[in-house]
Each structure stands twice: as structure tokens, then as C-alpha cells.
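Dropping the structure in here first, questions after.
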Amino acid sequence: MGLFTKRYHPPGTTPGTLTAVTRTSEQRPLRISLLDYDEDRITELPDASLADCISHTSDSKASWIHVQGTPEPELLHALGEAFGLHGLALEDVLNSGQRPKAEVYDGQFFVIMGRPVWRDGELSMEQVSLFLLERLVISFHQGEGDPFEPIRRRLRGASNGGFNQRTADYLYYALIDVVIDEGFPLLEILGERIEDLEDELLENPGQGTLNDIHRLKRELLLLRRMLWPHREVLNVLLREEDRLIQPGIKLYLRDCYDHTIHIMELLEAYRDMAASMLDVYLSSVSNRLNENMRILTVIATTFMPLTFIAGLYGMNFDRASPWNMPELGWRYGYPAVVTVMVVVMIGMVGYFRRKDWL
Amino acid sequence: MGLFTKRYHPPGTTPGTLTAVTRTSEQRPLRISLLDYDEDRITELPDASLADCISHTSDSKASWIHVQGTPEPELLHALGEAFGLHGLALEDVLNSGQRPKAEVYDGQFFVIMGRPVWRDGELSMEQVSLFLLERLVISFHQGEGDPFEPIRRRLRGASNGGFNQRTADYLYYALIDVVIDEGFPLLEILGERIEDLEDELLENPGQGTLNDIHRLKRELLLLRRMLWPHREVLNVLLREEDRLIQPGIKLYLRDCYDHTIHIMELLEAYRDMAASMLDVYLSSVSNRLNENMRILTVIATTFMPLTFIAGLYGMNFDRASPWNMPELGWRYGYPAVVTVMVVVMIGMVGYFRRKDWL
Amino acid sequence: MGLFTKRYHPPGTTPGTLTAVTRTSEQRPLRISLLDYDEDRITELPDASLADCISHTSDSKASWIHVQGTPEPELLHALGEAFGLHGLALEDVLNSGQRPKAEVYDGQFFVIMGRPVWRDGELSMEQVSLFLLERLVISFHQGEGDPFEPIRRRLRGASNGGFNQRTADYLYYALIDVVIDEGFPLLEILGERIEDLEDELLENPGQGTLNDIHRLKRELLLLRRMLWPHREVLNVLLREEDRLIQPGIKLYLRDCYDHTIHIMELLEAYRDMAASMLDVYLSSVSNRLNENMRILTVIATTFMPLTFIAGLYGMNFDRASPWNMPELGWRYGYPAVVTVMVVVMIGMVGYFRRKDWL
Amino acid sequence: MGLFTKRYHPPGTTPGTLTAVTRTSEQRPLRISLLDYDEDRITELPDASLADCISHTSDSKASWIHVQGTPEPELLHALGEAFGLHGLALEDVLNSGQRPKAEVYDGQFFVIMGRPVWRDGELSMEQVSLFLLERLVISFHQGEGDPFEPIRRRLRGASNGGFNQRTADYLYYALIDVVIDEGFPLLEILGERIEDLEDELLENPGQGTLNDIHRLKRELLLLRRMLWPHREVLNVLLREEDRLIQPGIKLYLRDCYDHTIHIMELLEAYRDMAASMLDVYLSSVSNRLNENMRILTVIATTFMPLTFIAGLYGMNFDRASPWNMPELGWRYGYPAVVTVMVVVMIGMVGYFRRKDWL
Amino acid sequence: MGLFTKRYHPPGTTPGTLTAVTRTSEQRPLRISLLDYDEDRITELPDASLADCISHTSDSKASWIHVQGTPEPELLHALGEAFGLHGLALEDVLNSGQRPKAEVYDGQFFVIMGRPVWRDGELSMEQVSLFLLERLVISFHQGEGDPFEPIRRRLRGASNGGFNQRTADYLYYALIDVVIDEGFPLLEILGERIEDLEDELLENPGQGTLNDIHRLKRELLLLRRMLWPHREVLNVLLREEDRLIQPGIKLYLRDCYDHTIHIMELLEAYRDMAASMLDVYLSSVSNRLNENMRILTVIATTFMPLTFIAGLYGMNFDRASPWNMPELGWRYGYPAVVTVMVVVMIGMVGYFRRKDWL
């Protein structure tokens, strides 16, 4: 994942401008779904047109418009007109890569969240934008795969106890909850990677381990930057006294808030682990360097004197003079020298053994 | 202890869902005990059935239901129905590995705590969940051994002054106090390990020491992550103005709070010590490397010139020419060369001695 | 960019003193522009004289005096007299290199901002000073190039939706917004540099990489120091309850505030990345050192014994004695010695292979 | 000083339990002194019995009971009964090694402080516990030597201006002040040790220096842990609005508070110095390693080619063939080779000099 | 500058004691000046006696007593009596080396500041103590050179706009402002030193560079410790609602406050730079170590095999056996061996070139 992922208009552009910033590579096909429900019934329009959404009026307890994929400026403009969405909010929906935040406008809540996705061993972040209006939720997800499918299944009354409260604010909470809880499986994966790296570190560390640790640190850093503001998002929602969110829903949001705290603490702990692993890596490298050095020192220290002695008796001094290398003429000269060599060697080995080097 | 120990439902599951998450390896047999007491009498039912608990009504001042082991979803469901326990709380009881927290629902307090356990040289955390209702405490402990046995002994009027106040809120405090105070013996063990490691570090450090320091750091990190939220738990209980906890109990809870602070400060100090030990380890390794290097340099520097001189006079130049190696023909050539060698050697040794290398 | 860029009078000078501090190298030519607008019309005076500004009175909804370049003390003095600007504020306009800050005087807002500029691979900071009075904005920019040209284009009713609200406070917001948003392209450039450095680091690190990382860290540090106080500036403006800024503008300022937070978080993440890169660099250097060492050790360990053996049989002991080097007279002496050498070599290579050194 | 010095009862013990925790080695003989004073007179009972204290009633303005040494549970129990001291407080007096804290019970103040003592080059902490009641101060000191002797001298009207206000709360302040001010001489000693270590570091660092730095860091860490909570103790006393402490005394306590802040800042600065010293130590070690390496490289690089050349002409090729080593037969072969050697050597030395290695 | 510079009485001394602590070396001659002024006139008594000061009464708008040098206890005592100065404050004036602080007594403000002085390449701190009473300022400066001379010049109506408001509180502000603003030239000097060190670091780092960085870090640390509390001093003055300081002066004090913040931020940035420089230094050392190692490895790896080959053919096996060293008898034996050597050498050089070592 790149370090800088925000999309922005050139400085000085009018705020609320809805023209596409052209980074065409990220475009994803668009699909709008519409869903209407009461305590006891549910109406789905899985592939709605823009007109369907705009002309949509209903007296059911809650409606949900979900826009999947990269939205076009015209679509946003039309939705904004139809439902009175704030211009600054729409600009943030368009320019993905925003920092998660919650904004409370008059009569509407707007939340941007980051959905961390682990795909093909690569971490990326997909922007989720959520509007809460009176009896209406509008959600945008710029990425592959619809994270809200389980919610839809629950609304249809399928498994897992269904939907506790069939109101727009509960739906709003449920969508936020899904995005936040996707952090847990991701952290489980990362936790396993850290433990694998730790094993590798203790058994057979190499330059690859180093690069892996660096990549891990980078991912944890980016993940932390992404997820940290979620805490603030929930804080804003919990603090706000607005009739759009009933007091009973606050309890659920507080549970959500606890999850973000838990995730942040895990991330902090992972970061500490990664830092500690780097220290251990460096220490292991130093240790191995030391071991190499020791071996080299032992070898050099053992053989250098021996080679010198051998060289000494390889000199060609004129034996005519009795002063020149008489040892060469001794009867037991060679065995004596070899004995000296063996003694030197044993002395060396003994010395190193006493120093715990062998 | 693993890095990631939380159990969770897949994202998008209805909050409050009570289906077991299958990590069967951790299952522990279930045992429920029931205890009823007044100022002057106490009734115990050490092996109660679920029905006993549910049908249990009493006009005594306080009742205590303790569930030891991994609870089944059905049990939790039934208890929740019988006593009006909140669904989110029950889900947290089921999905162990939760972050400690205190939750105040209407007419009930709910606290999750982590009980750090040191077993077979391995640190693990067992979840303790505590409900406080009107004249009733329900506690869950997912782990081996019952940490609340001393409380039961005190209630029975045994040694150590018995039980100061025979009310449910005092019992609630006493259970929290036990879990927090178990941190002290653990920290004492860790403190001794740190001091042992320090001795090892100064006397005979090796790769094993490094791994031990890493393990220690990891344990301190995990322990800190576990125990840090206890502070917040007690904060919530101290702040709450609710008739469930009488003002007189606050004094005891504040004492408890001081203990968590003391434990956290000790942990911080330990972490600083561990970080400092790693630095010292790295320095020692560098020092040893330096020493090896010095020996190697001394040996090489001493013998290389000597070997060169020996090699010089081992050359086979044709002695017919008077210009070629006349030294070989000198009467005292050999002694002269040996003298030169000895002088070189003494010069080297003197040089190194002046440099404080020998 | 230098570490210390503030200009100051000698300690003890009267506050509000408007004499030039002579650092003449930084002088830039002065140009004043005057702009007057209502909902539907706009009057521009692109090259106004000081007299134009001072004598300027208008009943349009908003006027804007922009001073581009290094202002002279006399100019500031005259402007201060004409519009009642505070002496301390004018001193700060003159002594550039001030820390960004917002000051609320009676009936006037004063904001100093730092505009980070990346020119010729060099980071520098240009001071922007902004006064907001009743229906009047006075802006100063000490640097090259006018950052406010896009605003002027929008006021003229050109592209990009024009100007939402034609009031002085909206203009004030728009100017602040431009300066802050210039951080994003800068951060994009820095983000790319970091990623380039990361690639270089993994592929071919050298002393140049180290110096680049150091320069990067330094720039991030300076940038952070410059931009950090912007957060506080916006905080002051958001907190202030004054009729100079209408409540509707606060929403826009809050958007601005979110941008400063986003920028600071990116900077923090970059700093963490840079720190991590330095660690990886150091580790790589250690790794290479280790590899060199290993090669040296392998070579030395392999050849030293062989050279010793060769030296041994180069000794010149007197072969007359049967005890002296009888091996030299053996029929297969030479092949035997060579065989021993080959065996030693193979043993060494095998040993190193088992140790994963080859 | 050990890392873990707290004494505690096993988890689950009734709070307020007053049974001795047996660490007999630390027992110190007990001595109780009783002191009664008014504006103009003073009564001392330097060796009072328990009965004296309990039966003690007085209408003087202030009384002071000081218990020196390790108190027995029975004594504490009796004092608690006689003066209505809180059970939790008495338990903390008994179990020394507590974290400093201030507790405000109804009608009594209770303060635990740590008195840092530097004895025989060893740092230790002695617990001081102070009760303030109506017109009565009860103090406990578990350690050697009575730190409150100067107070007694001042009360007796001796030198140094005597006692400003002859009330119990002023006495309470004076006792706290003594314990806190004992930090200054200790910090002066530590400051000198740091400066000595710095000199040693720059002149002649070794493994001993490393161990000294580690010990210093450890002591600073422990000292900080001990003294940090004093700040909070004074905060509690300053905040509390209680008739036991008159407003006029607050001014003195604020002075005390400033001293704790000063001490903590000094400690932080010392810790930074110690960390910086460790860095310098590591750098010095690296520098020396580098120097050794350089010497080795110079020696090896200079002699290896020479030795090779010497070895070359030590080969025994059959001179019968005119292709084999004709140099050996040249008239000036030997001088030529020696000249080559000298040239190589001079070249090497020149190269190293250009590289600033010699 | 020493680490511990505070002067203190032995613990247990009565607070407010005014006896000299004998560190005679620091004594500086005493000089008292007296200054009286109104809107339009000014009376100076440059060398006043103690009696002049005490008997001094005046109905002018403001008086200023300045005591330059180390004050004697008697002088302080007399001043304290005459003007009702608080005993604790006077003790702090006497015991220099105090932590900067602001104290608000009834009817008097007392401020201690630290004036950082850079003299002969050495950093030191001189204590400035300032009392503000009704229409009277009393200032003490323990050090060389009078920092307040510019103020006096301004009061005399000299250059630089004179004195804005001729009241005691404005004078009080002006004195504080002078002391704080002296930080800027000091920081400019330090900034230049850092940039010089950076250049040295990139070009030619050595042990001297390391010691300089350490000294710099130490100075920054001490400076930070000194100047940090100034922030708090100004906070106290800004917060205080007292008739001694008129609201109009607050604006000036806020400007002062901004300067302290600016200074602290510069100091923090400098500290970060210094830390980063140490990292770069360590990396450079590692890099050079690596380069040395590489050279050594190249030399050893190139010459060791050659020397071995030379040694091989220096063996003296009996050529009578056709198996022994037949190469020596070959016609082209020598050229062949030299060719082999050259090939080995070229191979080595090629290998190292491919590895980017040459």
C-alpha cells in the first residue's frame, strides 16, 4: 500500500467541488442497491438506477441506499440535491483516501471509515462513507466485494438471530460495526505472521527476515494511521445528543468503541513486538559476527606462529658458518621443531578453551 | 502466550449472539457453586445445577453464583433470561480473551478482568467476568483452579478476620481485589527473573541471554496490555454513583485502584530495566568483538613481519652473484636475523603495551 | 533550509518596534493589489500604491488588500495607522520566520501561517500573515509567486464553481485553506521520495542512502515544526465567538482543521518510516560486514593450514640424519602431502557448508 | 536495592489485616517518642511506652507521637483503637515498600512517603508514614537513623529561627518537607557520579564503565519510581479543603510541591544524560574497533604482497630450463626484488596516508 | 555547566531561613540602583545604599530597585522587612539555582527566571528574581553584566520608541521579556553549531565529532531544563486576576508566552537533530569499518591462494622420485605457475568487481 493515498483537488479549488480527480486505474464498476424495511417486511431492489433512488419515497421505518464502486460526480450531485447532503461531505466521498471522521451537519450524520483489506498478501484500505438521515441510510463503498452482505442476510431474517431493532440508526450502527470488526481477522493474520517471524528469527535469521520485519513495521504503521481515527469517529457519535440516534443505540456504539480500543492496543503491542524483533535481529547479527571473528582469530592465532617457525627453517643461510642455523644439522632437529609446533598448538588450544572460545 | 487471544464471531454477526466459537482445545469442565449469606449464617451449594441457580430466590443479604470453567451458550442464555443480564455482556463472557472493561447497564454492573497466571514457566491470562445485581453477584472464571477459594474461606468465618461487610457490593469488591492482588506474586517472580538475568548478563552473556531478554520483554508487554485496562475498570466503578455500590465501599475500591497503579508502575520499571539490559547485552557483545579483534590484530601484527623476513631469506637467488643475498653468506647472518626478529617483536609488544592492548 | 530562520530585534527592544532587521539577501520586490467585490460585481486594482490602500473606502461587501514581497517598515506603519492594526502584529509581519499563531485583538483577527515551499529540491518556508477586519482582509506573503492567484480567479467568477459566499470572513477562510492545502502536494512528493529511498535501501544501500535518509529526517522535522502550530491556529479561530466570523464559516474551518490533522498524521507516519529505514540501513550494513567477515574467515581458514603444511616441507633440515623430514624422501611423499591438503580443504568446505556459510 | 520491595499479604486476605509478613531480616528495634508543645513550652518523653501513647491526652496545641523502627502488629492495633486510625492505613504502615500516597479519611489525613537513603554506595528506600489528626501527628519511620531530629531541635527552640507556627498541621508539613528535601543531597551525589562517569567515558572507557552506567540507570529508574508519586501526594494535600490543614499552610505545601517538581526534573535530566552516555560508550567502542581494524588492515595489506613475492622466489623450479625463474640467476636479481618490495611498501604507505589512515 | 547547580540548606532547616550557604567561589560584588519615573520625568540613583532603598518613598507612578550581584542575607532581610516580601521568596533569592517559578502572594508577585548565558564557549545560568508590588518593582540578578541596561535606556527616553506605558506592571513585563528574548541569540548560536557539526559529520567525522555531539546534547538538555518552566511562569501570570497587573498588559505577556513556546519548539527540534546526528555518526563509523573490512578481505582473498601456491613449490621433496613435484622439472613449469597465479588473481578481481567491491 502506498504511503500517500489521499486524492485531492489542487489547492485553491472551491470546497465542495465535485469533479473527478483522474486516477483512472482505481475505477471500479458502480452498482446501486435499494432496500426498504419495517418490523415485519422487507423490499429489495438489488440493482437500482439513480432515478429509482432519487424518486424513492417510502413510509417504511427505514430505507438503505448502498452505492458500491467508484461513484461518478454526477451521481453524487444528484443524490446531494435529492436528499440535501452537504457539499463538503460529498467532496470527501469523491476524493477517496480521506482520514476517517464523523461530521454532524444539521439533520444528517456523516461518517467516513477506512476498511482495511488484506488481499494477495498486500494491505490496502477501502473508503466507506455513511450518511444517516431521517429514516434513511446512504452508504458508499469504494472497493471490491460488498462488506455489508451479512447485514443484508440478517435483515432478510436469516440465521444468527436476525436484526434486533429495525430502525435506521440501528442499521447505521450495524454498518459501522461490520467495518470495525473486520479489524479482528486482520489482526489475527498479522499476529500469526509476527509469531512466524519470531520463530524464523530465533532459528535462522537472514537479510530476508530483516526485510520482512521492515515490511511488517510499515504495515502496522499504516494500519495504525488508518484505524486510529475510528476511535474519534465513535467518540463524536457517542457525544452527540441528536434525535437521529436514540439513546438505546448508544450502548451498542459503546461496545463498538471498546472494539476500536482493543484493536488499537493490539496494534500497539504488535508494534512493540516488531521493534523488539528488530533489536533481536541486530543482536543475532552481532553475535554471528562475533562467532566468525572468534573462529578467524583462533585459526590465525594458531597457525601464524607455526607458519613463522616453518618459514624460519626454510631460510637459506650459508651452513658453512657454524653460527648459521645449526639446528638444521642436528640429528633430532626436525622432530624437535615439530614437537615445538605441537606444544605451541596445544598451548593455544588450551588458552582458547580456558577463554571459553572452543 | 499467543499474541492474539481474543475469540470473536465473524464480522457482521448480530451483537449478543450466543453461539460457541469452536476452539475446542481450550474447553474446561464446568462447575457451578451457589452461596447464600447473612450477617450470621451462610448456606453453600458447592455443586449446583443450572436449575438450582435459576430457581434460586432468597431473602438473605447476599447471594453468589460462581461458574467455574468454560460456560456453554445455553447456560449463559438461561442465566441471562433468569436474571435479566445484558446480551452484549453475555457475548463477552462467552468470547473469552476480551479486553478488561467495566460496563454499567441499568440496574447491573458488569466487569471483565484478566487474571494473569504463571504456570510451568508460561504466562497466560484467564478471563474473569463479574456481574453485580441487587443482592446478587454472578462470577465466571474460565481457567484452572478457583481463585476465589480464599474468599469462600473468609465467608465461612475462618482465619484472617473474616468478612468485614456481608453485602453483595463488598463481595464484588473482594472478588476484584483478589484478581488484582494476584499481580503482586507474579511481579515478584518476574523481578527475580530480571535480577537473575542481570547477573547472567554481567558474568556470562550469550545468545541464550538474548533470547531470554526477548522473551521477558514480550511477557512484560503482554502483561502490561492485559493489566493496563484494570485501571480504567476501577475508574468506572469509582466514578459511578449508583445505589448498587454504597459510598463506604468506594474507599476499598480506591485501595484497589492504588494497587493497580502500583502494579503498572512496577511493570513500567521492569520494561525499562529490560530495555536497558538489551543495551548492555549489545555493548558486551561489542566489547567482546573488540577484544577478539585486538588479539587478532596483535598476533597478526607481530607475526606478519617476522614471517616476511623468514620468507625473504628463503628465496633462492643465485648466490654466484655477489649482489644476491650476501647476508646468507655472512658468518653471523642467522643470529643477526634472529636478533632483528626479536627486536621487531619486542618493539611490537612495547607498542601494544603503551596502547594498553596487552 | 536553515535551522534558525526567525528574525528578531535585540532583546530589550520596545515591543512593536518597526525598524527593519537587515538581512538584505532575502529582500523581495513589493507589489500591492487591491480587490473589491459584492455578490455580483468585482473591482480590481492589480498594482495599487500605498496611498490607494490607505485612502481606500468602499461600501462593497468585502475588500482585500494583498501585499506581495518583503514589506517596508514605513508601509506597515502607514497601514497600521490607517486601519488600526495592532503594533505587536505588525512587528510579527516584519520579522518573518515567526511561529504560526492566531491572535484575537479587539475587532481584528490576526493569523500568521507558514507556507511550505519545495523549490529546486530545497524546502523553505514563506510567511503568510492575514488580518481580518470588518469587511476587509489584509494579507501579506513574503516569498516568490503568489499563492492566492486561484482565489482571485474564483472571485472573477471563473471555473470551479466560483465563490460560495462573497463575504470577508469566507475570503479569510479561503486564504487559510489554500495555504494549508499546499501541504498535500508537498507530502505527495515526500511520500514518493520515501518510497524511492526504500527501494534503494533494499537494493543497493550506501553512504549516499544514509545521507539522504538524514536529509529526509531533517526536512520532516522542520516541516513538522512549521506545520504543527497550524492546528492551534484553527483551534483558536474555531473557539472564538466573534461577530467577525459567522457561524456558517465554522463548518468550513472545521474542514480545514481536519486537513491539518491529516497532514500531521501523515508527517508522523513519514517520520516513523524514516526512523525505520535508518534501522534497516544499519542492519544492512551489519549484514554486509558479516558477509565480508564470513568470506574472509572461509578463505583464511582454508588456506592457512595449507600454507603451513607447504611451509613445513620447505624447511631445510639436514637430510643426512634419518630423523629429519624423512617424508621428503618418500617415493609418494608429494602426492601424499597434496592428498592431505585436498582432504583438509574438503573437510573445511564441508564444515562451512554444514554451517550454512557457503 | 531490589526491584520488588513491597511486602504483601497473599491475595484474598481480608483488607486491613494486621499480621506480620515474615521477612525477619529487615526487622529494626522499636522506639517510641512523645512530644507535646504549645506556643511557649514543650514536653518531651523520648522513650515512651505504648501505654503512655494510648493514655495520652493533652490540651496543648499539638502532640507528636513518633514510632521509629519496624512496628509490631499489636502496637498498630492498639494505636488504631486508641485514635481511630483507619484499618487500610494501618495495613499499609505494616506492609512497608508501599507506593507513596495520600489518603483522606474522615477526620484524618494519611500520607505514605519514601525516604531515599544512600548508605555504603547502595540506594535504599525507607517508608515514612504520617497521620494527621486533630492536634495530633503520628509518624512512623522504618529505617535506621531518625530523619526528624532537626525538627525536634527546632521545636526545642534551638538555632535556625525555630518553628514558625506551633500547630499540628505545620508540624505535618515540616515532616513532609524534611523527607522531600533529603532528595537534594542525594541528587548532588548522583550528579557528581554522572560527571565522574563522563570524564571516565571520554578518557578511558571499559567494560567497568558500561556496568557503572547500567547501575546508574537502574538507580535513577528506581529513584524515579519512588519519588514520582510524591508529586501526587502533595497534589492531594493541596486540593483538599479540610479544616485539619489551614489555608496558610497551603503556601508552604506549594513550596514543597515545587521541590518535588524540581527533583523530578533533575532526575529526568540525569536519565537523559545516562542514556546519552551509553550512546557515547557504544560509539567509542565502535571507534576503537575501527581503529584496530585499520591497523590490522594496514599491516596485512602491507606485508601480504611482500610475503607473496618472497615466497615466489623461494620456489624450487628446476633452473636447468631457461624458462624457470631466470630472475634468480640475474646479477642484480636480489637488489631488484628488494627494490620492488620497497616500492610496493612505499606505495601502500602513501595510499594509506592519502586515505588518512596513518 | 554543572548538572546540579541548586544551592540548598540542609533538609530540616526552617523554611525562610536567610543564612548564606557558603559556596564562596560564586560571590559577585553587589550594586544597588534605584530608579523612579512618571509619564514625563525620571530620577536615577545608580549606586544606592541599602538605607536609600529602605527609606525610599515616592509618589511617582513607578519605582524600580535593582540589586546586581550576590545579595547578602542582611540586605534581603532588611528589604523583606521594609517592603513586606515573603520569607519563602527571599530564601529562593538567596539560594540561587532555583527552578524558574511564579508565586502569587497576597499583594505581591514573585517570579524566578533563569537567564541562559553563553560565555567563553560555556553555557551557564544566572538567576533573575523579580518582585512586583504596588507601584514598585524589585529585581535581583546574580551574574555578570546587567541585562536590564536596554530597559534603562528606553526609560530615559532614548532610541527605539521609548517606553509604551510608564507603569510598574509594564516594567515588570519588560524585564521578563528581556530575559526570555535572550534565548533567541543563544539559539541562533546553537543552530549554527549544529549546522557546522552536520558538515563535519558528512565530511570528516572522528572521535572529536562524537564528543562534540555529546556536549551539544548535554547543553541542549540543560538549556531545556532551565527554560521549560518559563512557560509555566507566564501561564501563572496570564491566569492570575489581580489588580497588580492590568488587563492591557496581558496582551504583552501573551506575546512573551508565544516566544517561550517558540524557543521550546526550537530546542526540541535541535534535540531531535542532535539525536539524528548521533545515528548518522554511528552509521558512518559502521560504514568505514565495513570499507576497511572489504579492503582487508580483498587483499587477503587475493594473496592467500597465491602465497599458498608459491609455498607449495617451495617444498623440498626429494626429486629423485618421479612422483615428487615433477612440475618443478618441467620446461615451462615456472611460466605455467605464474600464469595460474595471474589467472587466479584476475578471477578474484573479476569476482569482487561483480560484487561491486572494487
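First chain written, first letter: the chains are A, B, C, D and E, and each begins at residue 1.
The working rule: contacts are C-beta pairs under 8 Å (C-beta built on N, C-alpha and C of every residue); 3 or more make two chains touch, one makes a residue touch a chain.
What you see is a predicted model, and the numbers here were worked out from it, not measured in a lab.
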Joint neighbours of chain E and chain A, given as chain labels: C
Intercentroid distance (Cα basis), chain B paired with chain A, Å: 25
Whole-Å gap separating chain B and chain E, where each centre is the average of the chain's CA atoms: 40
Touching two or more other chains - residues of chain C: 282, 286, 289, 293, 296, 300, 304, 307, 311, 314-316, 325
Graph class of chain-chain contacts, one of line, ring, star, complete, other: ring
Order around the closed ring of chains, commencing at chain A, then chain B: A, B, D, E, C
Sites on chain E touched by chain D in the complex: 2-4, 6, 8, 10-17, 19, 88, 98-99, 101, 103, 105, 207, 210-211, 214, 217-218, 221-222, 225, 228, 278, 281-282, 285-286, 288-289, 292-293, 295-296, 299-300, 303-304, 306-307, 310-311, 313-316, 319, 325, 327-335, 337
In the complex, chain C residues that touch chain A: 147-151, 154, 160-164, 174, 177-178, 181-182, 184-185, 187-188, 191-192, 194-195, 202, 251-252, 254-255, 258, 261-262, 265-266, 268-270, 272-273, 276-277, 279-280, 282-284, 286-287, 289-290, 293-294, 296-297, 300-301, 304-305, 307-308, 311-312, 314-318, 320-321, 323-325, 356
